[in-house]
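Heads up, the next two complexes both have chain A, just with different partners, chain B and then chain C.
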Partner chain A sequence: MTKSVSKSIKTPKEVEREFDILRVLLGMTIALCIAFLIILLISKDPLGALKSFVIGPLSTLRRMGNVVEAMTPLLFTGVAVCFIFSANQTNMAVEGGFLLGALGATIGATVFHLPPVIHPLVCLLLGGLFGAFACYVPALLYVKFNSKPVVSSLMMNYICMYIALGIINHVIRDPGAGFPASYTFDETAQLARVLKGTHVHAGIFVGLVVVLVGYLYLYRSRKGYEIRMVGKNVNFAAYSGMPVNKVLMNSQLIGGFLAGMGGAVEVLGMYTRFQYQGLTGHGFDGILVGIIAGYNPAIVPLAALFLGYIRVGADVMSRMNDIPIELVSIIQSIIIVLVVAERFLYKQKHRKLVEVAHKELAREEVAANE
Partner chain B sequence: MDTVVLSMENITKVYSNGFVANKNVNFSVNEGEIHALVGENGAGKSTLMKVLFGVEKPDEGHILLHGKEIHIDNPIVAIKSGIGMVHQHFMLVPSLTVAENMVLGMEPKKKGLFSMEQAVKITEEAATKFHFQVDATARIEDLSVGKKQKIEILKALVRGARILILDEPTAVLTPQETKELFVELKNLRDEGLTVIFISHKLNEVTELCDRITVMRAGRTIGVQEVRNVSESDISRKMIGRDVQLNIQKSRAKPGDIVLNVKNVTKYSRTSAKKALDGISLRVRRGEILGIAGVEGNGQTELSESITGMDKEFEGSIQIGGMDVKNHSIRQAREHGLAHISEDRITYGIVGDGSIEENIISDRYYKPDFQKGPLLDLRKIDKLADELIGRFDIKCDGRDQPIKMLSGGNMQKVVVAREFTSGSSLIVANQPTRGIDVGASEFIRNKLVELRDQGAGVLLISADLNEVMELSDSLIVMSDGKIAAYFEDAAAVSTDELGEYMLGIRTMTPDKIRRVADND
Partner chain C sequence: MNNNILSAIFSAEFAYSVIRVTTPLLFCALAALVCNRGGVLNIAFEGCMLTAAFCGVVGSAYSQNLFVGLLAGLAGGIGIMMLMGYFNLILNANVVLTGIALNTFASGGTVFALYILCNDKGLSTSLQSLAFPNVNIPLIQDVPVLGKILSGHNVLTYVSVLCVFLVYLLIFKTPLGLRIRAVGENPSAASSVGINVTRTKFTTLFIGGLIASLGGVYMSMGYLTWFGRDMVAGRGFIGIAAQNLGNAAPMATFIAALFFGFANALSNVLQTQNIPSEAVQAIPYVATLIGLVAYSSSTRKKKTGIKQLKRRVPDGL
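Coming up: the complex of A and B.
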């Protein structure tokens, strides 16, 4: 459709799409407004705090680096969630998968000794496999015993956490570290820094590749089509002859693999040893990123950037001003609520649709009279 | 007699998917008349009635009752205003008795407790007053469909309805039950009540109704006295062109056996009853075997078993020599099965998907549509566009979500997929249910065309005209069994069919057995 035509009359389809985007943007805006309101209320220097929050992340190269560092793991967990949630499975074991992935990479980076390039690749693969295991268990329980992944995956997260901590504390703990942590990674396994003065590492490129491949797989390949159809109407998929259970397992194994890879990239890029003391929250952040992106990997970088940005903004604000970092969590929650609320802006949308319908009718009448 | 009791003026209703169901619709009914509301599906009849009954809110327009404007915000207001509706799917509690259902929501009390005695009394009084024969203490689940419908009508009357909306009431009835219903409706009219009768079946409209309002594409096309119009006039108005009500069909030339069902028995999921009881039948290439019967007599289970949707049955089913039980649905489809499910929304389509995504669901994985590791979108787009054109699917384009289409166009997407897969066996379960005359005619002709090209067709339909018109041979199902088999479908009368459907008559096993070995 050419621009001039779409300007005169929008199809309902376009109105629908318009409002989908509007809803996300407005959700974000409202959330930020509420954040500003809170800042105004609790800060002695609201303007300074606001400034830190809004442009703080851009003020120095290091902080810009922080934004990229924060978004890197979210690319992985975000795409992971796109895969799992597109199949309409609420498998939240991406959280545990991320930690297990970090564990897998740690084992790879401390136990094996391999040449450069190959070493991190092996670690990423190990991390991916560990992560896939985390999501595999709830997926299998659902397919075999119809146990809802909402519950089993949350439990799985704890299992993952204690497996990881147990192995770190009792098997590969470095007694010389002074705190519970693994031995240091081989230097050959660590991901290279790519920007001087920041901690930005090669993981961001791996992440962007994952986004691209993830998009092509989910939206351009036959396997991705299966995943989306199973997610949208499982009865239809079965009726059409799709191997539903295989597709469900497949989507969650891929999701788990990506989450695990994210964990691997994070530890190998940011740290020199495994030193997490519990779940990291990257998986749940991934769910937020996935939801904002509408489960489309192509939009994941934007959503991850947004989240990374307000994270760093809040961090800058909490260090420079008198605002606690917890504020970010409040903003996050508000965004989720507004984005997932389908009826949000419903009346406006409906009014617009009626208007479009009227224009269409008028046009039809003109056409009929001609 | 000709006093307008209710009028709806300039009603416009836009659904949230952008579909304009009613455009400036005017509709009015008189006291003491049976008023037919006809139109294709998607013409806006149901929407208009939902607005009238307070289920949907109109975006524009108003409703006048006895000349005064009323706002019907919900069904409670509608009921209080004397408007009653009998839905196509009954709103009854199966485990309760007739009397209990009758007083639901207005239960008579005695000392604060529910009084069954009173309920029975209310029911019986109403039954006598309106000349209905009902057993107030019978449980709903034990009643026939026809009886349930009477209860629904009576329920509306007990609540003081003076205007009764019946949404395709005869769709589930046998010819005998339909006749009974018509007598009762005429009685109600003579008592001064108004009946709004929604139907697809023009012969019923001309037999029963006084006036008729035709809707097309969301607008009212005209109001007329029924005695002044012919059926072909009405149908021309409904679809805006002439239709042939008869399908052109040559004699069948049966070929090899493509479906072989042997002694299939299946137990019902909800009770110890047999849903299918020793069914055996065969379908050959180049013939249409019709299955007639009141819904719920095993047709659903039979079609699910044949198409591999449900493998929990005893006996054997072979499609082109391949055993269905130990093969997947995909294998069955690759072996020549095409399947039109009776439940379009649940199985036939993915509502959130685009038309294109719906069209390729049975073939997306084939090498033809791959380009390296990815799907060959150009080829898929071409296929979708071609089928949209060939099957005359009215839409904004191949990437429009299918849920925005009307029922008839949705079904055209389904058949565009199922009829182009090169199948040798088509299981068509209620292929034209709830869709407009134009689309129905299209689909029926296609079925005959595919038969002539050598496909075997198993046609399951509750629409008697449809099965009788299309089928080469015909079986009647009743209570999970085959009650009758007619080698030549053209030689059967509706009355005869009705008797077998109701289980009044059953053929001898010898005669029925012929359907399984018609060599």
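Coming up: the complex of A and C.
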């Protein structure tokens, strides 16, 4: 009897989770509403702009493909951010790691000549290792020298950018390309297209595997538990005997590896040569994806889909109407601040928690009287 | 080639350019210093400077008045810092993530507005914006080498050096500075003696935003005479690093900012030589990393000397 009653009353933990989800959804809604408002105020053809923004991505197969293409790299950087931020490390070198990963894959795809299936695998591995290096440096500086990763990782991003551009421009630049770009990748290294009429490539499957493995590792394994525990309470983790420094390094190396793999998948799937001219922003997008997903890899695909969708929508709108694509940055920033603002909806959450506690008390009293 | 480089470095022009590129870094470092002392160090200076640079250009172009441009720039930059305060202090949002959000907002928002105003996503050259004048200092400009180095800078450059002393006076010699430091060192203790912690932190952010905005305004109305997409290019972060390296002391921060300015100017000079420009452009950032290590390991020695505490104390950013 009591068991069934206790099930009908929510535990405080459930209430907290409910409000976390509510805050994310409300944050996204508010951000989109503000975006609509901006469109209405600025555009000469607000209804047309809104239409291309909201249903533009669904209008043709090609654009639906664009959404999937846009979300593919975000799966990698999103899961990477889940690993790093779960350990409570604000290492933003995923941004540089992505670019270095692209560089690693480029080296693998232009210098080595291997048989089909093995070639992209080697490239992904190389990209991952390059990406891990990007996140390794700030992590090491923190563990060894106690220098917080915020500034060092931001510096690392610029260093990664110059490493990548330097190697592309001076070592593997194709003089015949007509613009700064690497030699073309071997056909064997390029990822296969999986949907006719779009650029959707096999990377999406690799990404989904990464999501699955990332979730199992972070939420269903002992090592993952250590990462999350160190992130929640580093003192508790240290006193219960967890090797804190090792766990910190581990989480950031995995994060960097995944970010690098994302860069590798992106260049091998979408392009035939390395042609970035600077940082790509995929790492910072990954941070947004991670925040929306609550640092849980299982929710990363949804968050990446959302971001991919509004990005393609804004792209369609910027080409059909007079609203620039940078509207997405404004949406992104509003979502981030609303999701991370602990006090946002705090009163409502508090009231709900009190209500639950009262119910629980009343139930206990009844049980005691009986 | 080596001789070329050496003669380029040991020239008055080079020293002049060091001061020129140090100016925005110094402004930002001083802003970070004030914020660090007040316990509200954040990474939104990048966005703050970018917004200030943009608003300054727009304000001066539409009013054709330098002062209005300055005010617009300051208002824009301080606005970003006030948003930082609202989300961080009132809504209790994580300071780093809010900083990322505000930087994204500034980066995208300025380009968005630029496109709406002049139908261009890269440069504001179609706006007739004004710039701050260069000034010659009466006596010094006649001194042989020194005159070439110290005179003829933008008026904001002199303001930045003046700011070093003003910040010193503010932090260490005024009641407000005492309150700022008290709140920064121990908010609970400060609150127990009747200091309004939230209000003081807002004041700190306001002052920090004001100083950083001057750096932003300098970028688009002195260093260059137009606004360019993402023109701050990491200076907001280097400023924080300079402040870290200077251990939040005004003079040491000034010297650290000069060091980063030197690395920056060096990369500008070496780019004209036959060295891969990427390697040279990375110098300021590598220097920052080394500086962070040097700073952190020096403070660690001090701490472990007193007591073998293995706690991870949040030490700046």
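Going forward, the second predicted complex is superposed on the first by the 347 of 370 C-alpha atoms of A that agree within 3 Å, B and C clash if a C-alpha of one lies under 4 Å from a C-alpha of the other, contacts with A are read in each partner's own complex, and residues count from 1 in each chain.
Following the convention adopted for this analysis, a residue touches a chain if its C-beta (ideal position, glycine included) is under 8 Å from a C-beta of that chain, and two chains touch if they have at least 3 such contacts.
Bear in mind that the values here come from a model prediction, so they are computed numbers and not experimental data.
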{"item": "Which of chain B and chain C A:222 touches, first, second, both or neither", "value": "first"}
{"item": "Touching partner for A:287 - first (chain B), second (chain C), both, neither", "value": "second"}
{"item": "Chain B versus chain C as contact partner of A:92, first or second or both or neither", "value": "second"}
{"item": "Residue contacts with chain A in the superposition, chain B compared against chain C", "value": "C"}
{"item": "Touching partner for A:197 - first (chain B), second (chain C), both, neither", "value": "neither"}
{"item": "Chain B versus chain C as contact partner of A:137, first or second or both or neither", "value": "second"}
{"item": "Partner chain in contact with A:116 - chain B first, chain C second, else both or neither", "value": "neither"}
{"item": "First, second, both or neither for A:238, with chain B first and chain C second", "value": "both"}
{"item": "Chain C-contacting residues of chain A that also contact chain B", "value": "235, 238, 346"}
{"item": "Contact footprint of chain A on chain B as seen in their complex", "value": "12, 14, 16-20, 23, 59, 307, 309, 328-330, 332-334, 339, 341, 346-353, 357, 360-362, 364-365, 369-370, 373-375, 377, 396, 399-401, 404"}
{"item": "Complex contacts: residues of chain A adjacent to chain B", "value": "11-13, 15-16, 216, 220-222, 225-226, 228-229, 232-233, 235-243, 346, 349-350, 353-354, 356-357, 360-361"}
{"item": "Touch list for chain A against partner chain C, complex", "value": "42, 90, 92, 137, 141, 145-148, 150-152, 154-156, 158-159, 162-163, 165-166, 169-170, 234-235, 238, 284, 287, 291, 324, 326-330, 332-334, 336-337, 340-344, 346"}
{"item": "Interfacial residue positions of chain C with respect to chain A in the complex", "value": "43, 87, 90-94, 96-98, 100-102, 104-105, 107-109, 111-112, 115-116, 121, 234, 237-238, 240-241, 244, 276, 278-279, 281-282, 285-286, 288-289, 292-293, 295-297, 299-300, 310-312, 314-317"}
